[in-house]
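One structure is given below, encoded as structure tokens.
Chains: A, B and C, in written order; residue numbering restarts at 1 for each.
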């Protein structure tokens, strides 16, 4: 039943090449049905912005080849674009705290940082690693390239490192303290 | 452990409208002055118990306590009006009553809508794609990333973290004015009782029964009044209130 | 020229919300053409594995809500579905009013909502933005994540949305005369 749509949803979500075998495991369906679904999907995506890309026995979704110029331009633009204040702030927190999870960053900034973290990752400024203290979570740390670019051999060389590192640690400890509530409502203090 | 309990309590803090709405819904009533008068005593009992329950109050902000008392004040007006039809309320008092009724209706609407959210949240999630593994585009720094700038940004982020909040003065004022209002109303009810005894139009109830109801209500008010003083003092929020308490005991 | 497909390719590539304005800049096309393209794309994605989500002037792609269970199983990170009564109330106000300031939320709930608003922001369920009609204030809006958790492709798909929206507009606007609010809480103390 709607195998084609299910395959589309899975491929879109995973955004990585997947084997037909794996798809048939996930959908608990026979190979024939999977192949049918893939064929229909391929047919349906024929004249669309997203295409089904096949390599060896693996398939994935990608932007349609006829739009490769358009996408290349977007990529270039992304590269040349400076970082936003919000991105720089997030990066600064990651630098001074070193290993920090998303919840802690969100808490310090008072807003959700998912998109920013993703952008910093794509630019190779931070690394996302499995939290050594809890393997179901991730933590972010500055990349080697970033430290090299800044001309510091280790984060301890950052200005006022120990003071700021401590303040961040203390702030994060308040994470569950309900008496710490929003006190500033003026946009001058905006988390932009 | 202690800290954890404290958190859960405040996150789940249910305000006065929740309590009031529950009382009305338990009786399957519509929101109007009559139903509000009917639930007043139960609400006051609730607030009184709240004030005696130090464990529950421990994690609360003064403003949260005050929010219960503000509603109590208006309910007392409504109840007094229902007991004593000849009690003349000021325009401001009348508008407080209308306001509470209207606000409760709006709150009822959103509580119902909140239930839609409860039912649907997380049920049929729309997912954004996972991060692409091959997406990293080499290393792309930005000239704004300098050690000095990073320090400034880190400091800036820390400065924005909200600080612990202290009792806002306006809430203290509200508490005092409610206490005064209860005093004033008590006097008005007592006077009505003395001078307007003939005004009680006993329908189903006899005059005597009505008087008993009113006396009971006055006793209740006294309890609430003491409860307010007690709660405020227990929480040790403001010098001004404690002074007042001392002045009274002298 | 195949604006619909181009939009699809861009949305797929960026995998974050994009504004109609931005799309028209990238594609160097007028707003009408962009709107037409989006409408066609929406139509085309109606019964597919991927859906178009819309909020104010932004759009993004996501997996179709009917495949929620399927994708949940592929998702490693835990999904936090718990919401307190206070959170539910606050979310209901923000969702059904779409744009609301803290004062109005406090007024409707009868209690201070600062803590809950911060917590919801951190969870990424609401966005705090500068009030378009008064840049000295903030307003709160539902986030894409909130719509996604609710499984709706646009606010209008929320249960009872249209009926409620009309009745709320009439009832609340009469009531929310600022002078009424300010007798209760002085504006100077609004920042608690």
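The definition used in the following text is that a contact is a pair of C-beta atoms (placed from the backbone, for glycine too) under 8 Å apart; a residue touches a chain by one contact, two chains touch by 3 or more.
Values in this document were obtained by computation on a predicted structure and should not be read as measured data.
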| item | value |
| --- | --- |
| Closest chain to global C-alpha mean, per-chain Cα centroids | C |
| Longest centre-to-centre distance from chain C, chain (CA-based) | B |
| Between chain A and chain C, centroid-to-centroid distance (C-alpha), Å | 21 |
| Rounded Å distance, chain A centre to chain B centre (Cα mean) | 42 |
| Approximate Å spacing (C-alpha centroids) for the pair chain B, chain C | 29 |
| Interface hub residues of chain A, defined as touching at least two other chains | 12-15, 110, 118, 178, 181-184, 191 |
| In chain B, residues with contacts to at least two other chains | 10-11, 61, 127, 129, 162, 165 |
| Chain B partner contacts - residues on chain A that touch it in the complex | 12-16, 75, 78-79, 82-83, 85, 88-89, 91-93, 95-96, 108-110, 118, 121-125, 128, 143, 145-146, 149-152, 157-160, 164, 167-168, 171, 174, 176-184, 189, 191 |
| Of all residues in chain A, those that touch chain C in their complex | 4-15, 26-27, 44, 47-50, 61-64, 67, 70-71, 73-74, 103, 106-107, 110-112, 114-115, 118, 136, 178, 181-187, 190-191 |
| For the chain C and chain B complex, residues of the former touching the latter | 15-16, 51, 53, 60-66, 68, 71-72, 75, 79, 81, 83-89, 91-93, 95-96, 107-112, 114-116, 118-119, 147-151, 153, 158-160, 164, 167-168, 171-172, 175, 180, 184-186, 189, 192 |
| Chain B residues within the chain A interface of the complex | 3-4, 6-7, 9-11, 59, 61, 127, 129-158, 160-165 |
| Chain B residues within the chain C interface of the complex | 10-18, 61, 63-64, 67, 70-71, 99, 102-103, 105-107, 109-111, 113-118, 120-129, 162, 165, 168-170 |
